[in-house]
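Here's a structure for you.
Each chain gets a letter, A, B, C, D, E and F, in the order it is written, and its residues are counted from 1.
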Amino acid sequence: MKLSLNRRYSFPASHRLFRSEWTQEQNTQTFGKCANAHGHGHNYTIEVAVRGPVNPETGMIANLAELDQFVQEKVLRDFDHVYLNEQIPEFRDCVPTTENLCRVIFCRLSGFPHARVVSVRIEETTKNSFEYRVDEHE
Amino acid sequence: MKLSLNRRYSFPASHRLFRSEWTQEQNTQTFGKCANAHGHGHNYTIEVAVRGPVNPETGMIANLAELDQFVQEKVLRDFDHVYLNEQIPEFRDCVPTTENLCRVIFCRLSGFPHARVVSVRIEETTKNSFEYRVDEHE
Amino acid sequence: MKLSLNRRYSFPASHRLFRSEWTQEQNTQTFGKCANAHGHGHNYTIEVAVRGPVNPETGMIANLAELDQFVQEKVLRDFDHVYLNEQIPEFRDCVPTTENLCRVIFCRLSGFPHARVVSVRIEETTKNSFEYRVDEHE
Amino acid sequence: MKLSLNRRYSFPASHRLFRSEWTQEQNTQTFGKCANAHGHGHNYTIEVAVRGPVNPETGMIANLAELDQFVQEKVLRDFDHVYLNEQIPEFRDCVPTTENLCRVIFCRLSGFPHARVVSVRIEETTKNSFEYRVDEHE
Amino acid sequence: MKLSLNRRYSFPASHRLFRSEWTQEQNTQTFGKCANAHGHGHNYTIEVAVRGPVNPETGMIANLAELDQFVQEKVLRDFDHVYLNEQIPEFRDCVPTTENLCRVIFCRLSGFPHARVVSVRIEETTKNSFEYRVDEHE
Amino acid sequence: MKLSLNRRYSFPASHRLFRSEWTQEQNTQTFGKCANAHGHGHNYTIEVAVRGPVNPETGMIANLAELDQFVQEKVLRDFDHVYLNEQIPEFRDCVPTTENLCRVIFCRLSGFPHARVVSVRIEETTKNSFEYRVDEHE
């Protein structure tokens, strides 16, 4: 019997949706206001799901203190209060949409040693969220 | 690698749960206060999920502006500020429960041309929600 | 030393903003979609504030069970799952805007015998709320 | 075509994460502040999902009044305003983590006669939630 | 021109509403389920408001890092993950209702040296909150 | 009898807390991570309160469509999806803390012709908010 544990973290950051090989006109047509030359920002909330059996001694899927420390080291230390385009290496050659942010954060967290990370969901605003979830039947 | 994009919309509307071929007593027994002869209403929140690969150029599953326009045309233009029983053709012969509302809205949105609509979830109140989700393994 | 106790209740209801002595055109100009002939609805949330000294024996401003019973009798029993225009006497001659709903509910609750009702705030949607608050310096 | 209905309930309770066969030091190392000798508490929110076809006459998956009564009898009557370690028999020999609470509540609800209970999700705080979901492909 | 800064903190704790000089029957009559002999708990959210002029150099009413440290030392260090009746000295002779919790926390925070603490509001559940606010016209 | 109408708007934007006449060290000591050279961002939510008598004909304090248009013209058109430091003239010589943002937005909105704007409250994150409120007794 496997259960999921979902844990939420949040950080403010800024980004600009823009491809340097495109004209500003092409960028605006595709990204709208998000292509604004000076960028803009969000309070990103990420919800990490890990899934596994419950340890019969501790009654836990994973120790929250260990998960918190892992997310702090792999994600929050780098992403908190930054401009994603300039300060996160993965976005040097990749538009920092929330879809791509979701993939980048999932990759950074997938090595969690104590339980399987099965999903990363990011709320960009109260109206939008994006999720990567591993296929349980793979 | 496929991701999901979830987008929320909301609209106020009213409805009455009632079958004309039943007596008022039968209606009240089944639908409780929701069978009240003058109807009542809700702030409905719908969350539409589309799923697909991330376009490597734009970093997006689908363009939110295109999704918003599609949902506006297919759903919000008709459902916003109306009495569902009288003003939505699908409810002429079908009780406007939120289950049925979910099916009707999923059908209207399933033809979105730019990504696969995989789920429609509707919050009727902060305590209730209803969801139709396509089976990914079909 | 006086404190406030805020308690939330909610009920779904429907309404139509409309004055019968105006033309439909005048109504639509003033009330927009809210003048739709068949009405529409909301999940109304009301937050009632009572204010007073803390009883030194019980540690309470007022007994929540007593407040709940009073609000049930004076407001919820009548307002839950109804069409405000037709089923609430105060709206026979008065447009059921949320401003007026706030006044009507404050009047019904002002006689609470165990503490002073100082405010009624109503959330019509997550974007709008309306509040009547007594002037503490009267 | 099957849909899901999600319904939320909440209750305050207290617990202590602690194994009597361990030393206090081992307990604190594993459970942190949650091993505090006097316990602590939460407002638990549980979201129950049932899944099934929509009844063509009533337009409903299951009658909410029947689900509410079942959850009241099987869960809320026992769990509301209690100390889980002492007052819930299932926790006599089992640490009352939210993972275990999720399993216990799922077991109590799985016999709902009118639709299949497919998931129980519990929010312990706004940052943590835990979910048991049946495998739809079993 | 004075502004207010509101900052939210939360902690889980347990309590029991009970007066030892009363019979259990009197306690149950006054406090209902809250008088349960083993206690129960909540996720308490406290919102502290400070008010003052905006420093023209820093653009701030008060430094959030200093407020956070003060609240940590005066409140969270003692109140986080505890049983209020046994572990908070102020509740040795005083029922730990949320009204009294609000007064106790306000007293502990009123000495903040960098701005005037004008209000403490505590959410006990999503339906109840309690507030002490200083009279600005004193 | 005067009531208040509260209306919420939101926009994403980025900012950097920084005084050019200070060293980076002084900036970091005062503003912490908010002094990061590339800035960061937030989803700002603003709640505007207007207060006045209820028009006996329309049942409204002010027409929401008129308030929305005014806020769009005076605030949202300029503040939505921008970098506050560079793109809002009021922040040329003034640190764009949320306190100052609150003052700037109140000034821009204070000329609303149809009702008195009595308060602007801005949520920077779910933990922080800032409010300017006019003194009703002036």
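Please note the rule applied: contacts are C-beta pairs under 8 Å (C-beta built on N, C-alpha and C of every residue); 3 or more make two chains touch, one makes a residue touch a chain.
Bear in mind that the values here come from a model prediction, so they are computed numbers and not experimental data.
*Asks:* Which chains are in contact with both chain C and chain F?
*Replies:* Of all the chains present, those in contact with both chain C and chain F are E.
*Asks:* Find the chain most remote from chain E, comparing centres computed as mean CA coordinates.
*Replies:* Ranked by distance of C-alpha centres from chain E, the top chain is B.
*Asks:* Would you kindly state whether over half or under half of the residue numbers at the chain A/chain F interface are used by both copies, giving same or different?
*Replies:* Result for this pair: same.
*Asks:* Measuring centre to centre with C-alpha atoms, which chain is farthest from chain D?
*Replies:* Max centre-to-centre separation from chain D belongs to F.
*Asks:* Measuring from the mean C-alpha position of chain B to the mean C-alpha position of chain C, what distance in angstrom results?
*Replies:* 28
*Asks:* With chain centres taken as the means of their Cα atoms, state the distance from chain A to chain C in Å.
*Replies:* 41
*Asks:* Of all residues in chain F, which are in touch with two or more distinct other chains?
*Replies:* Residues 126, 137 of chain F each touch two or more of the other chains.
*Asks:* For this entry, which pairs of chains touch?
*Replies:* Applying the touch rule to all chain pairs gives A-B, A-D, A-F, B-C, B-D, C-E, C-F, D-E, E-F.
*Asks:* Of all residues in chain A, which touch chain F in the complex?
*Replies:* Its residues touching chain F are 10, 12-15, 33-34, 36, 38-43, 80-83, 86-87, 125-126.
*Asks:* Write out the stretch or stretches of chain B touching chain D in their complex.
*Replies:* Those residues of chain B that touch chain D are 17, 19, 30-32, 94-97, 99-100, 102-103, 126-133, 135, 137.
*Asks:* Quick check: in the complex, which residue numbers of chain B touch chain A?
*Replies:* Residues 1, 3-9, 54, 57-61, 63-65, 136-137 of chain B touch chain A in their complex.
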